[in-house]
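What follows is a group of structures, each given as structure tokens.
You will see two complexes here that share chain A, one where it goes with chain B and one where it goes with chain C.
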Partner chain A sequence: MRHLPLRRLAWLLFAAFLVLFPSLFREIRVHIATEVLTYALFAVSFNLLFGYTGLLPFGHAGFFGLGAYAAALIISHIHGMPVLVTLLVGALAGFVAAIIIGSVCVRLSGAYFALISLSFQMFLFAVAYEWRSVTNGDDGMSFVRPDLYLPLLGKISLQNFNNLYYLTLVLASMGIIGCYFVLKTPLGNAMVCVREKDVRASFLGYNVFLVKLTAFAISGLMAGLAGGLFAIYQEVVATTCIDNNMSMIPVLMVVIGGPSHFLGPVLGAAFYVVLQDWISSMTGYWMIIMGAIFVLIILYLQGGLASLFTSSRVWRGGE
Partner chain B sequence: MGLGIESYIVQMVHGLVYGMLLFLVASGLTLVFGMMGVLNMAHASFYMLGAYLAYTITGHLGSFWLSLLICPILVGLLGIFIERFLLRKAYKGGHISQLLLTFGLFFIFGESVRLVWGGAPLSVASPVILAGDIHVAGMTYPVYRLFILAFSFLVLIGMVLLLTKTRIGIIIRAAVTDADMVGVLGSNVPVVLMAVFGAGAALAAMAGVIAAPFSSMYPGMGADALLDCFVVIVLGGFGSLYGAFLGSLMIGELQSFGVLWIPRLALVFQFLLMAAVLIWRPTGLFGEKE
Partner chain C sequence: MRTILKVDHLFKDFSGLEVLAGVSIEIREGERHAVIGPNGSGKTTLFNIITGLYRPSHGRIYFFDKDISGWPAHRIARTGISRSFQVINVFPKMTVYENVRSAVVSKFNRRFNWVSLLDRDKPIEEETFRIIELLSLTDVSDVPAFELSYGKQRHLELALTMSREPVLIMLDEPTAGLNSEETKGAIQLIRRLTEGKTLLLVEHDMDVVFNLADRVTVLGYGTILATGTPDEIQAHEEVKKAYLGRK
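Presenting the complex of A and B:
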């Protein structure tokens, strides 16, 4: 991809738009933007596996939910823990779980992989649901959003929604940009190579298992971070964070947005959240419309919405 | 709480009933997977649609038996329509694309059911002739559940006869093993596939209809049945009908006794079992095919 000055200018404008967002729009829009950013990170983490490594995880909410639960448990039990450390622990929870679960999952592929990742997520869901003394079951754990302390800036109240938006913006962007750079490394190329033909990748000397596991672990890390951000945004963590509906959300977002473009999942997340907000104000049955859009995109627009904006229909990952 | 031998027997029959229902749903799923390589996520929606349609048809026509006849036909036609006009279009996108397509349909059906019938649980009265309990050796058991058992065994026998004794059955079994080769040998595999897809949908709907009087209907029932079916076909081995049968009975009994002994861990155990089978024997306990 060539970096034309025009493209750089567009990125600068987009960044400025994101930074100025809270002063341009009403608070309710800032809420929605925060949600979009969180889901965008979740969807990008999903797409590291789906779009770039060729694995379809049906249980990605497991890592998202672990991040959310880790953050909620720390906030409710350890007072005075810095928010950033809390979120880091949430991300690491997703990372460690992804290494453990991934080391058995990535040996499989196709529908088998989808099902085994689903079964681990259902297992984690069942633990969250039944272990009431720790997780409070399906009633969930609610807490008050703690304040953020930063050097130089001092105390920043996250009860102010604009501050929460900026926190989410910075961390989600860091996660998403981090994923982008991972894909630019030799590891990213190896992931694409494994997606295209894993046997050939192994003949070329790649350790296919290790490549898939690393992708899985990085994906779990980012999903855990997204989960932690989600917990802090919602101020409540319940089994809905870790159930199979939550696992299905990134599938919808990524397929709608376009798995073959790096920013497709971001576009899909924005589309999903905004459409949900817009349609659900008119009807409670918005999932029918989302499902119909999803089916139409699979049938007629395999590259997703992102392919409408790019010159080539299918933009392969890496280079 | 001390439990007599009677309660164990009752619990076992409960498990058998649920297992047989599960088998009616899972058999179509596993056959389609064997033939097309597509995990049809919309399959459990057919089960749900069967149950809900039974509610409406029984309500309008006043006859449970008519709905047992009509619902599977309607849903079977729907299945044929989906295979012919939607799945086949997604064929060029590969299996993952088809899997995602059925996933989208699963969503659409789930929400449509909520739109048409509402979110509250519904139930269908069991036919008068099958109401009441039966008393055997000091145990009481609802007649209707025994009917489910008998009916599903009949369907099972019919299915086995069809698959082993008839020409079409031989073609289906051959196509599960190697669809391309069967096509080369002169059978019209796409038509067979469409028929199997439709028949699988009809069977799932039939299971839905007979399940309607004994368990209430709710919009999430499709998702619940789907998860159980996944476990069943993983246990039994993708594409294996006998595997699906044994897997269904295992899950039926596991849930039935799990509720009795380890209510809090039954769900956990079920998914750990599925993960364990996928790790150590991805072809399932009874499957032979890679």
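Presenting the complex of A and C:
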């Protein structure tokens, strides 16, 4: 695909906007932007499965929550562990769990896949809920956000929200861009082949099971990273980050944003978080309004918000 | 001529319904072999078992000296057996180019490459264009598969089957749904593409069969009725009774 200079310029401006964000807006907006970035990574990881591999997981919070709990447990118990290592372990927790859980789930497809992924997430939720001695149950584990140490720059306090924003910006962007590049490789193409017609893919020599499992594992890795970032942002991890509601959040974001465009989930995450913040400041019934918007988009704008910006057909389009 | 594929006493039943009851076929290297038979005689099931979509209930399948019975489809595809489908089976939302390229990626054994960008891969691009040209799909290479005419979709189906440069090509009713003019073109094309290769063909259209095949096997409700040259088959009493006689 050719990149028009105009398009490059737009990206450059957008990147500059993200970098300058903390100097342009009040701190409360920086909070929201941090949340958007975290959820954007979560939604993109979900869409690797839904939009590109053709699998609809209803239990994606399992990996997000594992990343969050892994990060929280390390921070609470291993004093002095570098933040980046903590986040890496969180991502790997999601990755390893996705390989184990995925090796069962991806044998199924359609509604059965959705339901079995949900059951695994509910199992993980039950563990987090019941195993109070480790997870503190639904009261959750709170901790103080540790400082970030970087070579050359030295100690960077994450109590300063701008610093936390930049950490999230860098890591979430790396995750999202990483996903983008994977989709441009033969492996990403294999995922789309499997979505389009798995039987044909296998008769061309593609191991459909392995392609799905790899997609699942990458998705779990990214969800785990997002979970770790979420934990550090919130300074508390409770069962709410591994429950059914959390599993539905990326579904909503991706459907709102549009699964057939790579940045649809990012758009959906921004829309969801900003709207939630805005409506909930006015009324406690924001869920009703959010639900109505969701219904309207499903009925009248099946390509999601991203389809408003892309005119031409997009071959990667989901259903 | 050596035997390339040997199907040995193959049985298949689907929860009690016996579709194949001891089928044995030998395909020789370089021949064009057609399998014919009435509807429900088990032709497609035979295809599906050879290519790994179903597992045999009993019996063995040898490709050269390898016992491939019960192997998964992707593994069989990699040994050099490639098939087309009776019902169009392509990647609908991908363009013709992307469809063929996906097959070429697999031929180059780059399926799990996750570090290089596919769009920048020259050898894959060149090979993809070569196959697209071979199948006269150049003018539609940027069209998504689902927008193609039926005839062109058939060509694409063939392109996907051929692009792995298979040793054994298996076509399941390649002219199904084509009009007589298109069928003539398809026969020409198949003849050209399978030159010097081995072809196993399931077909309903007797013109196609007797035009293309060097040898014919007649399947009748799960068993082999006869195998021979087209002339022998046309003269075969039992076959006439069971199948050709109705024409």
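Rule of thumb we're sticking to: the second predicted complex is superposed on the first by the 312 of 319 C-alpha atoms of A that agree within 3 Å, B and C clash if a C-alpha of one lies under 4 Å from a C-alpha of the other, contacts with A are read in each partner's own complex, and residues count from 1 in each chain.
Convention: contacts are C-beta pairs under 8 Å (C-beta built on N, C-alpha and C of every residue); 3 or more make two chains touch, one makes a residue touch a chain.
No experiment lies behind these values; they were computed from the predicted model shown.
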- [ ] In the superposition on chain A, see if there is space for chain B and chain C together, and answer fit or clash.
- [x] fit
Open item on the list: Quick check on the superposed pair: does A:V170 touch chain B, chain C, both, or neither? Answer first, second, both or neither.
Closed with: neither
TODO: Could you tell me if A:T214 is touching chain B, chain C, both of them or neither one (first, second, both, neither)?
DONE: second
- [ ] For the superposed three-chain arrangement, provide the angle chain B-chain A-chain C between C-alpha centres, rounded in steps of 10 degrees.
- [x] 80
Open item on the list: Is A:K197 touching anything from chain B or chain C once the two structures are fitted on A? First, second, both or neither.
Closed with: second
Open item on the list: Contact-wise, after the overlay, does A:Y206 reach chain B, chain C, both or neither (first, second, both, neither)?
Closed with: second
Task: First, second, both or neither for A:A292, with chain B first and chain C second - done: first
- [ ] Using the touch definition from the top, say if A:L20 reaches chain B (first), chain C (second), both or neither.
- [x] neither
TODO: Would you check which partner chain A:L187 touches, where first means chain B only, second means chain C only, and both and neither mean what they say?
DONE: second
- [ ] Pick out the closest CA atoms of chain B and chain C after fitting on chain A and give their distance in Å.
- [x] 11
Open item on the list: Give me the intersection of chain A's contacts with chain B and its contacts with chain C, in residue numbers.
Closed with: none
Open item on the list: Per the contact definition, I'd like the list of chain C residues that touch chain A in the complex.
Closed with: 51, 53, 72-74, 77-78, 82-83, 85, 89-95, 98, 101-103, 105-107, 110-119, 144, 160, 164
Open item on the list: Using the touch definition from the top, list the residues of chain A that touch chain B in their complex.
Closed with: 56, 104, 107-108, 110-112, 114-116, 118-120, 122-123, 126-127, 129-130, 244, 248, 251-252, 255, 285, 287-288, 290-292, 294-295, 298-299, 302
Task: Residues of chain B touching chain A in the complex - done: 33, 37, 39, 86, 89-90, 93, 95-97, 99-101, 103-105, 107-108, 110-112, 114-115, 223, 227, 230-231, 234, 238, 264-265, 267-268, 271-272, 274-275, 278-279, 282
TODO: Show which residues of chain A lie in contact with chain C when the two form their complex.
DONE: 1, 181-182, 184-190, 192-193, 196-197, 199-208, 210-211, 214, 313, 315-317
